[in-house]
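Letters A, B and C mark the chains in the order given here, with residues in each chain numbered from 1 onward.
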Amino acid sequence: MLIHEDRLFPADPATRAVARELYQSACSLPIISPHGHTQAAWFAHNQPFPDPAKLFVQPDHYIYRMLYSQGVSMDDLEIGVENIQNPRRVWRLFASHYHLFRGTPTRLWLDFAFQQLFGLTERLSEKTSDLYFDTISEKLKTPEFLPRALYERFHMEVLATTDSPLDSLADHKAIRDSNWKARIIPTFRPDSVVDPEFAGFRQNITRLGELTGEDTATWPGYLNALRKSRERFKTLGATATDHGHPTANTANLSTEHAAKLFAKILSGNTDKAEQELFRAQMLTEMARMSVEDGLVMQIHPGSARNHNRKVYEKYGRDTGADIPTATNYVDGLRPLLDVAGNEPDLTIILFTLDETTYSRELAPLAGHYPCLRLGPPWWFHDSPEGMMRFREQATETAGFYNTVGFNDDTRAFLSIPARHDVARRIDCAFLARLVTEYRITEQEAFEVVHDLTYKLVKSAYRL
Amino acid sequence: MLIHEDRLFPADPATRAVARELYQSACSLPIISPHGHTQAAWFAHNQPFPDPAKLFVQPDHYIYRMLYSQGVSMDDLEIGVENIQNPRRVWRLFASHYHLFRGTPTRLWLDFAFQQLFGLTERLSEKTSDLYFDTISEKLKTPEFLPRALYERFHMEVLATTDSPLDSLADHKAIRDSNWKARIIPTFRPDSVVDPEFAGFRQNITRLGELTGEDTATWPGYLNALRKSRERFKTLGATATDHGHPTANTANLSTEHAAKLFAKILSGNTDKAEQELFRAQMLTEMARMSVEDGLVMQIHPGSARNHNRKVYEKYGRDTGADIPTATNYVDGLRPLLDVAGNEPDLTIILFTLDETTYSRELAPLAGHYPCLRLGPPWWFHDSPEGMMRFREQATETAGFYNTVGFNDDTRAFLSIPARHDVARRIDCAFLARLVTEYRITEQEAFEVVHDLTYKLVKSAYRL
Amino acid sequence: MLIHEDRLFPADPATRAVARELYQSACSLPIISPHGHTQAAWFAHNQPFPDPAKLFVQPDHYIYRMLYSQGVSMDDLEIGVENIQNPRRVWRLFASHYHLFRGTPTRLWLDFAFQQLFGLTERLSEKTSDLYFDTISEKLKTPEFLPRALYERFHMEVLATTDSPLDSLADHKAIRDSNWKARIIPTFRPDSVVDPEFAGFRQNITRLGELTGEDTATWPGYLNALRKSRERFKTLGATATDHGHPTANTANLSTEHAAKLFAKILSGNTDKAEQELFRAQMLTEMARMSVEDGLVMQIHPGSARNHNRKVYEKYGRDTGADIPTATNYVDGLRPLLDVAGNEPDLTIILFTLDETTYSRELAPLAGHYPCLRLGPPWWFHDSPEGMMRFREQATETAGFYNTVGFNDDTRAFLSIPARHDVARRIDCAFLARLVTEYRITEQEAFEVVHDLTYKLVKSAYRL
């Protein structure tokens, strides 16, 4: 077997016994996925997923960044190729390097999917490559593997996608208009129209004006256009926005100053500092709008995007070369918090790629400001050790109730159950230690694990 | 029962057995509290403590910052109100949110006090709120709960308070002049007269001159006034000074430059950089005076004070909105260490809110400079996980003997035994692991735990 | 006994059993030491090592920095004295302070050497000081303790030293020309000729020109001289270079700009920023040369050298007062990676003194760039807890196969087996946890521990 029923539970027998019991109470709760990068189109059209290479390898930067780091060519993996020429060859390349993933969460997620969904029980390797390819390919053609069937099989209660204000959201509308009763909702992600360094930024602003009937050449028109876009998302079920910025900087400029800066940004004649100031100001504007319209705000700062210039030039954005950077939340968020930090109805969920901020900055901030909550460990830290560090470093100051449960943040739909399973197991392992060390009672732990798995995510995201 | 006799010991039976034995040898040692924020007045006047809300909730920012973070209004908690109007209501508000503290040290401290001091055995909750309120209220009126009785019951050997150079120390004198044989001593904390950003700084300097008979309008007179103040503290038993600065920056200006800077600071016409430089210079001046008069120097850097502007404006300093910041000791302390780092009779105890510095900066510095020692985990890190991280990250480079035992740093007198108990248990847990992993012998561990609990604090603070 | 056969294995019986089995498979593998500071002269001349003080205390900054931190005078330890006057007295001073090393790796290394090499079984202390001194002194005179005999007894396969381009490498040549079949190889460490702040930098450049027959007063001549030096090292077996810089900064200047900067540097009329820029540019030049000649590049950034001014002035470089600093790899390495980050045949091994970069920067970088590998925990972090943190924080993103096994980085030849033993035990402890938590199988763990101990270091260093 690829996966063991006690996986990720501590070896100490007493602690493991508690963890197992806690997990029994949490494992069958529905999955709520309030933040991720699946495609509404899959569920609108409900077409079979393509071959294993296209499904598992091509979209998953966790996989191909590791392969690339060990000298596998991205061309051989057909990264960025629209129609994969030789999926079996790509799959073999992956299979023959599967040992590289030992000790990584990718291995845990994949083995879970391979065994639970496809019934595979021998480890992936060069030897079993074709067996895997054929087994998966065949299953993908069956009705049980259509997107909607999987959504139901995964016992999902909510699935949020991430969408641009320039997106028509037609797929979301199509799902709503169908008879299928699933809750798939968009998330308002405005990078393309608030980040001056985003490709096509100025055209995007123009397009935003066309879509909303606002004059986005002016500061008030631009803000109105954003308000209308958010409203449009809300009508399709959105409850949250998402903001991926290079830093946690926010600003609180006067209206006049902000309008001047916007004009300069639109002129294209700006430097890095002005672009950063504009992004910083836009976080505060988004917070103001959230106070008005109730959308929960998610801030994901601290990624140096497209760090590998050659890979970026050849394969484009999001190809595995984003690298975390040190992030300063204490000074960065201050202007925004000055404006809205004490607003009773505002919720801001903070994420980080800089684990040093858990105990130094994020837990102290979330343990004080009523608007702040801590998102789960993100990206490279969405892993057993990473999650454990988060609980160990954040809980003592922020408690459990300033956190918001798990989110999977994934493009890989088939990995969703595996990812939630890992999170639940690690939470149970952490709680089991608190129980065996008499820091909380077992009865409390049952309540907390239910909160961490189900209740907190629903309340934090207003679902 | 609220607390278990094996709490905080590792679950592994062999390790737990060693931890238990070590703890048996340490648990009845006297408490030495060389750094904290209790009030000498309590012991001078020996009046009953007021009601539970005034005693537990109002002065404890650990408690109300958590409640505030979850939407409880600080007005409803009557924070900052001199005479609480409705203590039972405040207590109920706290009681009904007690689940928020699961997994936090506050919960450990409170449960210890509730059970050990007040005999309560059912968990605090909305349901038990009145039981707690009535039980505690009644006990507080009894002679066993008067401050001096508690001091003795707690088996305290020394208790240091923290005091301004502008304080008359009349309460300390009164304790000395009474027949009560307790060692309650002041600590020289000069923020109000060395930090230009401190409220009333210039008036404070004038007042310092009046108190000491020195012309504090001049640099030499100002330094003399500080020397005399320190001497006054020493006559009342002080053995240490304490310095809370936003950064770890120190400076080593020429006398002429320092005098000019002081004049400019006094003029009030300075910028942030000059104010920071002045604070930096004053740390070095304090070190020079410590070389002269033998007072141990404590440096607590890295807190962004009053981060929440609105809370600060409404409720004032120290209301739970201080947030840690990244701190650079390597460059910051260099000027001071250039001056005094190799002085044989100087002791400087360093604290941090930035745990990343334990292994990177503080342990390497303390493991080399003869004057440097590491204070225990501070504030948000005064917690089971925080203490364990400190031992794991500092010991391998600094050893045990460059650390100084525990201090409770608390305003909450009733939590002192609980806090020392947690520290002793975690030290025993850490040492038990070293023993079971054959890194030290059990016999050595007994010696080390005695040193960590009793001997090192006495020698480091010269008590 | 001083050391226990199960030392450093987790106490949990199931985990310990797995660790023990893994260790059995790894403990007798040959030692490969690809990076260290032993002296080729020892093996060229094969003379007996001197007395215990000269052998253990004087060259080991781990030892005397700890003693100095606790008030022991460096003069009494005869640090920096060519011929120790009273080695027995120095040894006693060390012995009587041996308790300071409880909980440190130094203690583990020394106890291993004392017991395994010298048969001592009672702990070092004031009482046993003379027993130790006499026992060790006597053994050192026997043939079994000559350098070459120890090399063989240690079961070493490769031993790399670290050498200046200005070094004749005569000792390396002598070893090669002898009949002794051992692989002792130099490493190209160009600090003295690429760091403008290095003592005698300009004379060093002139000397480099003389040694290589190149005009090092010109930029192309200087680069050629470096190329020729590297070639000379290669002919004596070198497979790697080593670069110790204050930061991780690299640069990618135009040839013209670089030539101008070099001229300015040679003129001596430069500031700190230009000196830093020159070092940054030289890292990129070294990477270019590595692409050409295949030497593996090691980068060791982030040490503030000679932090204690008085100690430096009196006792010179490398006397225990180097302190780590926060290090930024993401921005720092970018210019170099822009030039050479995707070169298929380049290997750069990164080290750090800033553990916060493991999960935030180093693992994400090494988990993407094909040229990057992670060196083992360095210096203060070459310790049981430090190694465990490295595995816990780096593995989930970089995997095992972007790491390069262990290196001892030591001047203390007798500690080499002890250091490798600690590393193997910690790797086994880490892997045993992964096995008992069902994250990898035991069969995989056997393969991984062999890779970590033997295979990865050979392939990464091209040995």
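Heads up, the rule we're going with is that contacts are C-beta pairs under 8 Å (C-beta built on N, C-alpha and C of every residue); 3 or more make two chains touch, one makes a residue touch a chain.
Every value quoted in this text rests on a predicted model; they were computed, and no experiment measured them.
Colleague: Is the contact between copies chain B and chain C built from the same residues on both sides or from different ones, judged by whether over half of the numbers are shared?
Modeller: different
Colleague: Using just the Cα atoms, superpose chain A onto chain B and tell me the rotation angle to the nearest 5°.
Modeller: 120
Colleague: Which integer distance in Å separates the CA centroid of chain B from that of chain C?
Modeller: Here chain B and chain C have centroids separated by 40 Å.
Colleague: Residues touching two or more other chains, restricted to chain C: which are they?
Modeller: Correct list: 10, 12, 326, 356.
Colleague: Per the contact definition, I'd like the list of chain C residues that touch chain B in the complex.
Modeller: Touch list, chain C to chain B: 3-4, 6-12, 65-66, 68-71, 99-105, 107-108, 304, 307-311, 320-321, 323-326, 353-356, 380-381, 383-386.
Colleague: In the complex formed with chain C, which residues of chain B make contact?
Modeller: 10, 12, 14-15, 326, 328, 330-331, 334, 337-338, 341-342, 344, 356, 359-361, 363-370, 372, 392-393, 395-402, 433-434, 436-440, 444, 447-448
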